[in-house]
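Each structure below appears as structure tokens.
Common to both upcoming complexes is subunit A, partnered first by subunit B, then by subunit C.
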Partner chain A sequence: MTKWMNINGKRVVFEEGETVLEVATKAGIYIPTLCARPDLPSIGACRLCIVDIEGGRGYPNSCTLPAREGMVVRTATPDLQAVRRNILQLILAEHPSYCLVCKEQNDCAKLRHGEYKAGRVIGCYTCSHKELCEIRKLVEYLRVKEIRFPILYKDLPLERDDPFLVRDYNLCILCARCIRACQDVLGYSAISLTKRGHDTKVGTLLEVSHLESGCVFCGHCIDVCPTGALTARGSSWFGTPDRSVTTTCVLCSHGCQMVADARWNKVVNVHPPYELSARREYCVKGRFCIPALMNGRERLKYPTIKRKIIQEEHFPVSWDEVFTYTAEKLKQYKPEEIGILISPSLLDEAIFLLSRFAKKISNHNIVYDDEGLKDLASRGIKVLFATYSTKLFTEIKDLDFLILQDIYESPYPNIADVIFPTTTFTEESGTKTGDDFIKYEINKVVDPPGDALPSWMIVSRLAQIMGLEGFSFDSVINLQDEISRNDPINVPLVPKESFEYMGIPISNKVSELELYLDAKRVLNKSKGESMLDVRI
Partner chain B sequence: MSEFRIVEKEECVPNIHKLVVSVPKIAQKTQPGQFILVMVDEKSERIPLTLADWDPDTGTIVFFVQELGLSTTKMAYMEVSDSFYSIVGPLGEPAHLKKFGSVVVAGGCFGLGGIYSIAKELKGLGNHIISILEAKNESLLYYEEEFQEISDEIIFVTSDGSRGIKGHVYDVLEDMISIQKRKIDHIKVIGCNVMMSKVAKLTKELGNIPTYATVSSIMVDGTGMCGACRLTYDGKTRFACVDGPEFDAHKVDWDELIGVRNTAYIREESLSLQNFSPQCRSLTKFLEKNSEKESV
Partner chain C sequence: MMPPHDTSQIKILICQGTGCLSSKSDEIKEEFEDQLKNFNLQDKIKVDFTGCHGFCAQGPIVIIEPEGVMYSKVKTTFVNKIVESHLKLGKPVYEYFYKDPKTNQPIARYHDIPFYNKQTRMILGSCGHINPENINDYIERGGYSGLKRALKMPPEEIIQIIKDSGLRGRGGAGFSTGLKWSFCRDAPGDEKYIICNADEGDPGAFMDRSILEADPHSVLEGMIIGAYAIGARHGIIYVRAEYPLAVKRFTHAVKIAKEKGFLGENILNSNFSLDISIHEGAGAFVCGEETALMASIEGHRGNPRPRPPFPATSGLWGNPTNINNVKTWASASWIFKHGWEEFHKIGVEHASGTAIFSLTGKVNNLGLIEVPMGTPLRKIVYEIGGGILNNRNFKAVQTGGPSGGCLPPSHLDSPVDYETMAASGSIMGSGGMIVLDDTDCMVKLAHYFLTFTQAESCGKCVPCRIGTRAMLLVLDRIIKGEGEDKDLMLLEELAYTVKMGSLCALGQTAPNPVLTTLKYFREEYQAHIFEKQCPAKDCQDLIDYTIDENLCNGCTLCAGNCPVNAISGQKGNIHHIHSDICVKCGICYSSCPRKAIFKQDRNLQLVES
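This part shows the complex of A and B:
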């Protein structure tokens, strides 16, 4: 039997077990709240979602109030709004909200609209979160123009001793969303409400560091925080992103969906989509490391050829020149002398074209890892087309010509003859097959640095210059059609524990990760666990 | 190479750090209004900071840093007995100081430290000092006692009205000049460029009261070679490092300084924080704790 209730004079249907807030939200009726979220259990901490129930006493929280048959609810009576305004002012009195009552507010918003850096937040204009701030939205909704109570600054120390996380509990409004995400949804219990009364704050047991507290650095506390109290170091201070693109993380084969924020044509932040922000566990690599990994200063920008003028050096050249040069060289070798090494992190399109390329010019199977490369070397290859760099290159005895397609300058002795700069997964569109043969969509977020090209385009143009058939694709869509008409290729999966992307150790490029791994190893050792086994 | 060791460090109010550094050569030669260029480490940028105080006898200098970007964050992470890579100074022209009569000394945010040395010297020259100290909230006011000592009058202004008058420096000035009709002979102001520009606009309208501002601009070498600190003054290009840092506030093109010069590198400044990783202090603390346990 359908159940009905009445909200603001509107008859709405509901199901047993739903709260009044859920019923109202489904019916498109807005009830302000700071602590409730659809994906977290409600605790009624902020008391802004109060409603008026006909025949009931006081104003109960709609987030914890079960809907009943025949209930008559009003959500925005003048009395309710007055109480809400009071509650919000009390919250604001313990949050650095001076900017909200400053008379220069409008001018300031024009001058300091975007990025602003600060050690810690002492007002909205220094807050990196100001555009997303849920408190500010409520201040606008309830039209709070003044704060009747003295604004107190708690003066708690800025907690930034841990890797990745910066926590400023002076901004915290004790909504406990972070605790519920950590404890109730993900089951870690790294943080909880500590101390009591006025001193209540979010913290770890016995105030140990997050490293020791069992925190896995998944970053969900940051994603659910309605204020700027929790931030990721390195991803704050960019203001409003120019665009946000939903794409998939390729650092392992798990296929986590993520949103990449771009500013000034650089990836500046990566976070889960809103719906997933408290539901799926993200790893430290995907949540925190992507911006720094993609934006390193040593990214390869221009194709180069090694030439000897005074000494052997790499000289930047045009793509046409490097392709013609490479094509000429490749034609001089027999199919059994050519090998191809593929990084399993490449997108499907690139792997498809590279394997087709391999069938045309080489007698050997394509290989995906160092083991495979050793095998190739033992078969006496003289030319290698590698899509990631490894220290094994110097160990291949008869290597005449090394073609390296890479994103970063090689950390190993650079013996490549030509270098093709390529894109990372945030700089190209395509698909990637992950666990269980699920195809994930990869969307371009930013332009690649310099002249770098997507890997499939490099192979396609090189093959066309060599005069090979079947490589002419004018777009990634055409190529995907072609892929769907062919047998799938079995690409080795990248495990979650892998700390490499395209042969580059991520910790080389992301100093925070290096710190995190070092710290975790030391902690593991002190617990008697294996040094290298860092669980993420 | 000489050492620039931190003798004392304190975060007086959130984001504002007071640093006392031992640099005898600078301490002996500085005059009020001059500044130093500080490098935290070999790869860090050079940032200009106005000196708040110095003591030729102990050889120490005092300056205030507002934690903002990469270099200042690195400074915030430094501890007592850590050493800077380099400190160059004293640079710039000393402030324009003589017996004016009744002088308003106004400072806001990080400017409170910088204006102190000027106010102290002006007091010594026999001026009547009216100090106006601005902050967002009472919890962000600092260096109060020092100002009490050297001021004849002291006025506090806060954005939210939690201490003294609610408003800004220019509101107080407007009140003093147009309503109380007080005679002010000279105004010195240090703070953010926006505040200084508003003060300049106001005092120009209210009868051209001589107003001198110490501009904040990006600097690299501090000796007039690079031109990073250029600004338009009286229609001509001037360098804040050698022609300033104190300028007649009525002649500075504030819009250019705020909107063009000081925001020119905002993208690089923000991106430089992307891969910044301080020492993991929680690990250090953990190790210390463990070694204590073992020794027990």
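This part shows the complex of A and C:
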């Protein structure tokens, strides 16, 4: 049965159980909020969403007020706005807001290119969160031009001792969103409100580090923080991204949707889409490690062939040259002597083409992990096309020719004969089947470094040069059509606890992750818990 | 002289409420027992202890029944004389009686003491007259007869009786108790709770403590009746941790009541079962607010939650919960013992029964008083309170503690009840009442209360956490003599923001002391700000202590007592106070035998006090 209420003179319909804030938002009526967020339980702390109910007493907060049949609500009377303006001024009195009252602010807005890093945040222009800050949006809406109440800078020490997170609680407005995300939605309870009254502060139990407090560095606290109090180290100062692309993380098979921000053709920050509620799947790898993982200067850029001039070395060559060379070599072996090693990090398209390749030239000698590789070795293969690095290469006794496709030089003794530089999942488009058999969309965010190519394209061109049929596709879309016409492929799954990508230990490229893993190893040793505390 | 009497039923009742206990009334009890043996009276005269009389400034108190004689400020050294002279020889010791503050004449019987006989002690009726740890004393006076009566009625009838009695919540909000019980009864859910709010956080208030220490069963019985009416099977009392004796006495009462079958499974064969547990607070005033209290019981931070939903529909762990103050539960058991009509007869139309106040400040008689609702303030201050101390002038009375406000002399004839208090800008609150004279600065008083609420703010919502602090900073300036022209307007605007914006009643009422003092004593604020003067000569930074050269005889008593050596002068010569060293403690002021020390405005010449 439809229920009706009246907001600002407008008749609106609502359902039993909705709050006045939800009803107003759906009806397109704006009520200012700071501590409320659709994906968090409301607590009514900021007092900005207060409304005037006819026949009621005082000003209740609309974020928890249940809508009732026949309620008459006014959301923006002059008195409400006046009280809101004062509340916002009180917030600004204890939040570094010098820029808001500075005489030079108009010139600054015209002449400065944006916010800049300084020793301490004293105002908007020294804060990395300026463009996204929700307080600034409210200042604009309520037209606050001055702060008439005693100003206080809490002078709390900056908290920078944990990896991945930078915390400046001088900016914190105690909306408790981070705590509600961590405690109520995700259940980690790594942080809470400590002390009380005016000294209230967000913190951990007994002020231990986040590494010890049960924090899994999923980063959702940063995602929900309305101010610049919580930021991701190394990702905050790039300003407005050139491009933000929604894609899927491939560091394991959960298929978490992520938004990658790119600047200067590099991924600089990764975060969940705003609308998505926090899910326990988000982990430290996808949230914080992707930029450092993808942007290492040692990324393989050019195909190489190992030649001996004075000593054995890899020499960069063109793709045509390396393909020709490789094709020649492959012709010299029998199918049962050739093996293919699939990396579970590869996208579906690459796996499909590699399977087809394996069928055509290697008698289905296709394996998906180290176990399979050992098996191949025992059958005496002489050629291996590997798409990830493993220390087992040296254990293949009769190995004559090793083709290695990867993104970084192998951390293990490099015995590859040719190297194919390939793209990471942020550098190509395609699909990835996850562990619930859903096909996730992978969207290209940035261009790959140097001449690196998507793996499917490498296989396609190599096969064509070898004269094989059925490998000619001019776009990934054509390839996807072909895949849909065929039997489903075998999809290797990557568990969440895997800390490798394409065989490269992620912590080799991301030093903060090394710190995190060391700390967790020490803590978890006796508890026998997972590194990532997975509980789905 | 009193005639000799039959000693066979004499009882000596020694107060062992927290106040008297801290003055060693337990030793007095032992001394009485020893002295009775000394004079061989131990078989005829019984010694027992009671809870608080509410007249703690006169403690330790000893009552001799059945004469009704009261000895006050008793010392162990008095006991021998009392036993020998009064109990053995029939000659009361007049010098140990309470003395009328005006005439200084001793008054023998407590019934004759105006402080007592001008009160209507109903809820406090047994306090100080029964042993709180002896359930038989309670039963002898009709205790648990109300419960027996109630258990024979259908729950709806019980609720109707409470509604008809006109009982309103005694925690300060004054909501109809019967209506509140009916909301909880009607709320859907099988698991219901009742809670007794014994967090009593107002500074100086001790009514709830007194009742729990002196007559715990009156509260317990009310809770059992209420639980039965509502359909709750669990009850919790939330007592502040600073009341260990109240916790002890109530715990004991629960244990004994259970043994006698008034609590526990199948109470008095009615098929109704109830368990009651005790939960202690941990030093937070905000936990007296019902939603913060429930959060605290649940193990969370004591932060209030927005209402609706109200506890009656969704309270403890989401279950329908009825919370009432100690005095409300005690009133419920009174109503079922004496009948709702008797309760309704007392008080006024819209507020029946009595109100209990903790009367303190500049009156002659300090303590707990119980008067019918609607009693004029004048009667409380002058007849019961015995008038202003030292014959000074009445200036104002602060009601409702840190959530309340001040009322000036023009309001002396106001009847004390929920609506009239609220109409004048104050609140009745949980019952604090502080009387002020012309030496009390109203600005300093507002500052004192705001310091309290600021310190006790839980910190959850912006207006209270930051707004009360901003107000306090402005008041700090004003009482230091650094007030600025715009300060009054700033205070009023901040007060309005905090009042309208705060989440819970702590924040919403925190500006009340400031708002009422601004309303009735604005000229004092103006004097502080524009003339840098404190008319009451109370604010330390605006006064100087100075010695009148004409009266000083150089006795050097003041210099000897000064804790910071701010007074110089040779014995026999006129002394001088150095105002830059002086910390305005006032010790010299009270030690001078010739009253030669005066308080003067800091920047002006000597003004006679």
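Everything that follows uses one rule, which is that the second predicted complex is superposed on the first by the 504 of 536 C-alpha atoms of A that agree within 3 Å, B and C clash if a C-alpha of one lies under 4 Å from a C-alpha of the other, contacts with A are read in each partner's own complex, and residues count from 1 in each chain.
We adopt the following convention: contacts are C-beta pairs under 8 Å (C-beta built on N, C-alpha and C of every residue); 3 or more make two chains touch, one makes a residue touch a chain.
Because the structure is predicted, anything quoted here is derived from the model rather than measured.
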Clash-or-fit label for the pair subunit B, subunit C on subunit A: fit
Which of subunit B and subunit C A:L174 touches, first, second, both or neither: second
Subunit B versus subunit C as contact partner of A:I87, first or second or both or neither: second
Touched partner set for A:W237, first subunit B, second subunit C, both or neither: first
Spatial angle subunit C-subunit A-subunit B, Cα centroids [nearest 10 degrees]: 80
Subunit A: partner with more touched residues, subunit B or subunit C: B
Partner chain in contact with A:G380 - subunit B first, subunit C second, else both or neither: neither
Contacts of A:T64 with subunit B and subunit C, given as first, second, both or neither: second
Touching partner for A:P38 - first (subunit B), second (subunit C), both, neither: neither
Touched partner set for A:P335, first subunit B, second subunit C, both or neither: neither
Contacts of A:P273 with subunit B and subunit C, given as first, second, both or neither: neither
Subunit B versus subunit C as contact partner of A:P492, first or second or both or neither: neither
CA minimum distance (subunit B, subunit C), superposed complexes, angstrom: 16
Doubly contacted subunit A residues - partners subunit C and subunit B: 150
Complex contacts: residues of subunit A adjacent to subunit C: 43-47, 50, 58-61, 64-66, 79, 83, 86-87, 90-91, 93-94, 148-150, 173-174, 176, 192-193, 195-200
Subunit A-facing residues of subunit B, complex: 14-15, 66-69, 72-73, 76, 136-137, 139-140, 158-162, 167-168, 194, 258, 266-267, 269-271, 273-278, 280-283, 285-287, 290
Complex contact set, residues of subunit A against subunit B: 96, 98-99, 101-104, 111, 115, 117-120, 122-123, 126, 147, 150-153, 155, 160-163, 170, 209-212, 233-238, 263-264, 266, 268, 291-292, 295-296, 509-512, 514-516, 518-519, 522-523, 526
Subunit A-facing residues of subunit C, complex: 284, 301, 303, 305-306, 308-309, 454-463, 465-467, 469-470, 473-474, 490, 493-494, 496-497, 500-503, 508
